[in-house]
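Presented sequentially are two complexes of chain A, the first with chain B as partner and the second with chain C.
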Partner chain A sequence: MKAGKTLAGRNYGPAYSYPMGLWFTVFFLLPILIIVVYSFLKKGLHGGVEWDFSLNAYVQMFQSSYAKLFVRTLWVTLLSTIISIVLALPCGYAMARSKYQTLLLFLIIIPFWTNSLIRINAWIAILGNEGFINVTLRNLGLITDGLPLLYTQSAVVLVLVYMYLPYAILPIFTAMDKFDFSLLEAARDLGATKPQSMFKVLLPNIRSGIVTAVIFTFIPIFGAYTVPLLVGGKDSYMIGNVIVDQVTKVRNWPLASAFSLVITVFSTAGVLWMIGTSARESARKKTSAGVQEAVQ
Partner chain B sequence: MSMNRPTDLYHHLVSRLAKKRPVSEPARHARRALQNRPRLSLSNTVMALSVVFLFLPLVVIVVFSFNRAKGMVWTGFSTGWYEKLFLDSDKLWSSFSNSLIIALASAGTATVLGTLAAIGVNWYRFKFRTYIQTISFLPMILPEVILGISMLIFFSAVNLPLGMMTIYIAHTSFCLPFVFLMVLARLDEFDFSIIEASRDLGATERQTLFKVIIPAVLPGILSAFLMSVTLSLEDFVITFFVSGPGSTTLPLYVFSMVRYGISPVINALSLVLILGTMIIAFALRNFLKSIAASK
Partner chain C sequence: MSNGEAAVKGCDITIENVSKSFGTFHALDDVSVSIQKGEFFSLLGPSGCGKTTLLRIIAGFESPDTGIVAFDGRNILGIEANQRQSNTVFQNYALFPHLSVYENIAFPLRLKKLSSAEIDRRVMEYTHLVQLEGHVQKKPNQLSGGQKQRVAIARALINEPSVLLLDEPLSALDAKLRSNLLIELDSIHDKIGITFIYVTHDQSEALSVSDRIAVMNQGKVLQIGTPYEIYESPATQFVAKFIGETNLFDATVSACNHSGPEDYMVTLEIPELGGSIKVTDYDETKPGQQVSFTVRPEKVRITLEEPPAIGKELNVFRGVVEEPVYSGFQSKFYVRLDNGTLLKVFKQHQNYLEDGPEIAWKDTVYCSWSANDGYIIEVINQ
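Our next item is the complex of A and B:
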């Protein structure tokens, strides 16, 4: 139990914490509430809203063109998330077992913290029609026409994986780092094969790390805006791009609000799932620790 | 075993995968003894390839920032683009100074508010404590587009003109969760008896705060501040929504460069920003693990 209650004297908790609580209430919760209200209003003529109850925004959301967009966004997001996690698992394992942890963390974090537009620009310079790959292949005489690499769906997935791979690696590494690797040897000594020890001992033990990694890649990719805009073609627009267009070009704020609300609800559900998983995991660890104590 | 649940199917697949006969114990121990050095396992290979993947675009762009000509055909070494970047890019540097002002102001505000809140939440029980913990977590996980749009709509609803002020508010909001979590993690490792000792010796709350708590968690506070500066300096999406005329930040300027005609000056700028990132990451080298954990 935290010792807070035993502190004699006054409770300074509110004095310490309420300024931040107030900040989030005004600048985070209130904007979200305004979005909720706006999504049920009528679109104003020149942007903004008219104070008239209407379900128009939600009716518009179920148009077939948006359904297609939604499916595409989901598909691109799932694909990029799965690729990132599949790459991140061996990376996290290698990092957790390595002697050069700090160096490896450093190597993962440098590209991760470098300005995202700089990184996108680098990919454009590599994949473009006059980009590094095309120019090099042409000079080697391997191709005559340019390969259409940029402005494709694959370019979007590639760059999304590039941008969000560190988001997947870091939580998985953190979970693996806490894992007791002698358990793997124990499993092998008890006759398990290598894949068995990996799938039945390692993976279940780092489940909360994997869930965190999935959340931290899936949610931002689902709301991606810059990557599909800059490296995608006309038909690789994702939900994020449509929301931005609704705000800046079409100026349909109720529809943008409705879309934002749906994504907010999904993200919150994902996070509740994540918190639930890690709570269950720590509860299970506590019971098994209790059992061990009882046995001893 | 029935195969009703997906986990059953999973275990079934695993046991199919594992049909291979196990290697005997002494043989395995002998092998492990031999393998006690970095080796070419699957995980190490994937790790190495991933690092190459992460650095490849950066290396290409840095190499071509020294190219004499504009395109991606090597025509000779030149530092011309760097001269242009440092001597002839006034707009870029004024956007950088905007970025720097906002980064320092919002990181400063976030560090003060977040640190105090973490201390309060860690040591006291009070009304709305759970609310504060929950709401400080949410901005971190919502897509940036949603944060940006909700703030834009909020600012227009309260008639606050878009500009440096609105960017400052937005950046403080998305830095706060990181500060709060990083300082909280630091406080969790902190020996509470030190505080009781300072109280027993007659220190007031303020003395305890400034002479005991803050010095003890100072490394955590500083790393949270640096992390916030980094986050603020590199944010594009949220800034894109809440910026107004005359408040162009560096990422906004870079965006317009990428979108409307690429100039190799951006390649030269890339190296500068990569070096800046390396310096910050190096300054935070002892905290990389806790940063990874808070992410």
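Our next item is the complex of A and C:
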């Protein structure tokens, strides 16, 4: 303790983090503060805001058309998230048990090398009226008219799943990789069927990976706007699109801020949930480690 | 040893001509073993000998390329692991980390959807059996290694299987705990009376608790017998070397004297010992055969004075103590014989009077054993 007080023994470690803290305060917290403040102001005539307290933005937000849009966004987000997780589970399982883990991980990461807009446009080339699927089916003589694949709600969900599946696979793979697969044999030995061993042993043990995967997919999908804009129809608008429109076209910045705040609150709630879960987990591990020491 | 109070339960296990390869590696090569109801049967061998593969085939985690595995005469190879009358205690315990001790042990019963009162009754019964009362609410990572293994044993027994399969269950524990748990395991076997199949690479574990042992090497069963048979009359050089310590020599049969019905005195020429020795042997050895001869170190007497030659049946060799190793209840001596061969001799310490004068480093000693303490293991060629 005394050594800590002498100049030479002082620990300067925390000081190194001050620039980082400053950076985050200025460039992360400040914009959020601006959004919060703007959402309680009056809309300016030609964009911008007037410095006058008003709850107008929030009143507008509760219009029935926006309510519908909000419910749709939530529905599309939930659906895409669930599909992503359901697809990621067998992927993660196969990767964790594979001899070619590095190669498979590499394959998952490859799509990130290409700009997301280009990848979305690739889907237009696949799903469009003159796209790959319709042309193939027409050439096979199975259909005469093009199938309406593009500009639908399904196209939005499909492309959203495509975009965010890697974010679900990676944390689930990490959890699966740490899982002791001999536990599945133990479960089978004790009388569990194959599905029972999955649901009663595998899933509870990779819970943290699934939670992370849900957060990593739910949050970005909830705020997505390029995918519904490019492959969705007129009924595919999501909150993200409204925000973009309010900022660039309608120029109602307070309303855009209010919507942004809703997304932020939802996302923050998710992150807090995740932090809470992992904190409880590590607390449990810490106490057990203490007991282990006491035993030895 | 088992049997005794408890009625013999469990089932017979017949393994016939089982072979299993992984790629080009022959894990099991035409293995046949039959295990009796209620027997404590050990599969003993070095790592990679196929003992664990055989256990996994019995458990249902692997299926053999050829051969039959039958419980009570019924072939079980088509039956899934979760439907078999066997339960396994795994080497790494394989406890479910997300469940408490109670829920781990209750796991098989919950799958059967028994009433919670029934589950409670049976979990308490089996935690009592393995002496884990007071730990039921803990998570596996709060337990010591020995406690984890007790949970694994209780969990494997609660389904009341006919066969308990134990895959090196004690190998992760320290020596003292290992011997205690081994005795406990034996008494559990006595209480429950089902068939135990115990896989181990530790010959002392196998010798101390097994009714019978199958010694395996390179996918083959070399010998099946009681611990006494395996130790006293090993079938091959490998068995002799793997079980306990021994002195092993190549020898040539020079004379066989079958003077009486009880007297089968064989004379062996052993170049390594620089002379001939006498050994009683009841097999039909013939002069001129190349054989493998063994004498266990504890059967060799070590004395400072030349022992009186009583009859011609005592084999005596002189040498110098090269390395005495004192270990309390016994001493090991590595004796360099006059012709240069190293002979292992173990001397059991008893009491002051019987022990005689202490034998020390560089003492000249006489090593002797009588003809019926040596053993001809196998005929190498005709």
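One rule holds in what follows: the second predicted complex is superposed on the first by the 269 of 296 C-alpha atoms of A that agree within 3 Å, B and C clash if a C-alpha of one lies under 4 Å from a C-alpha of the other, contacts with A are read in each partner's own complex, and residues count from 1 in each chain.
Everything that follows uses one rule, which is that contacts are C-beta pairs under 8 Å (C-beta built on N, C-alpha and C of every residue); 3 or more make two chains touch, one makes a residue touch a chain.
It should be emphasised that the depicted structure is a prediction, and the values quoted were computed from it without experimental measurement.
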* Asked: Can A:Phe62 be said to touch chain B (first), chain C (second), both, or neither?
  -> neither
* Asked: What is the contact status of A:Asn11 with respect to chain B (first) and chain C (second): first, second, both, or neither?
  -> first
* Asked: Who does A:Gly240 touch here: chain B (first), chain C (second), both, or neither?
  -> first
* Which holds for A:Thr193: it touches chain B only (first), chain C only (second), both, or neither? -> both
* Contacts of A:Phe28 with chain B and chain C, given as first, second, both or neither -> first
* Thinking of the overlay built on chain A, is A:Ser260 touched by chain B (first), by chain C (second), by both, or by neither? -> first
* **Residues of chain A touched, compared between chain B and chain C (which is higher)** => B
* To do: Could you say whether A:Pro220 touches chain B, chain C, both of them, or neither, answering first, second, both or neither?
  => first
* Asked: After superposition on the shared chain, which partner residues are touched by A:Trp51: those of chain B (first), chain C (second), both, or neither?
  -> neither
* Would you please give the residues of chain A that touch chain B in one complex and also touch chain C in the other complex? => 185, 188-189, 191-193, 196, 200
* Complex interface listing, chain A residues touching chain C -> 180, 182-183, 185-193, 196, 200-201, 204-205, 207, 284-285, 288-289, 291-292, 295-296
* Structure fact -> Touching chain A in the complex, chain C uses residues 59-61, 80-82, 86-88, 90, 92, 94-98, 107-108, 111-112, 138-139, 141-144, 155-156, 159
* Structure fact -> Listed in rising order, the residues of chain B that touch chain A in the complex are 10-11, 14-15, 17-18, 20-23, 25, 28, 32, 38, 41-47, 50-51, 53-58, 60-61, 64, 71-73, 113-114, 116-117, 119-129, 131-132, 135-139, 141-147, 149-154, 156-157, 169-170, 172-173, 176, 180, 192, 195-196, 199, 205, 230, 233-234, 236-237, 241, 250-251, 254-255, 257-259, 262, 266-267, 269-270, 273-274, 277-278, 280-282, 285, 288-289, 291-293, 295
* Asked: For the complex, which residues does chain A have touching chain B?
  -> 2-5, 7-21, 23-25, 27-32, 34-35, 38, 48, 87, 90-91, 93-95, 97-99, 101-102, 104-126, 128, 130-132, 135, 139, 162, 165-167, 169-171, 173-174, 177, 185, 188-189, 191-193, 195-196, 199-200, 215-216, 219-220, 222-226, 230, 240, 243-244, 247, 253, 256-257, 260, 263-264, 267-268, 270-271
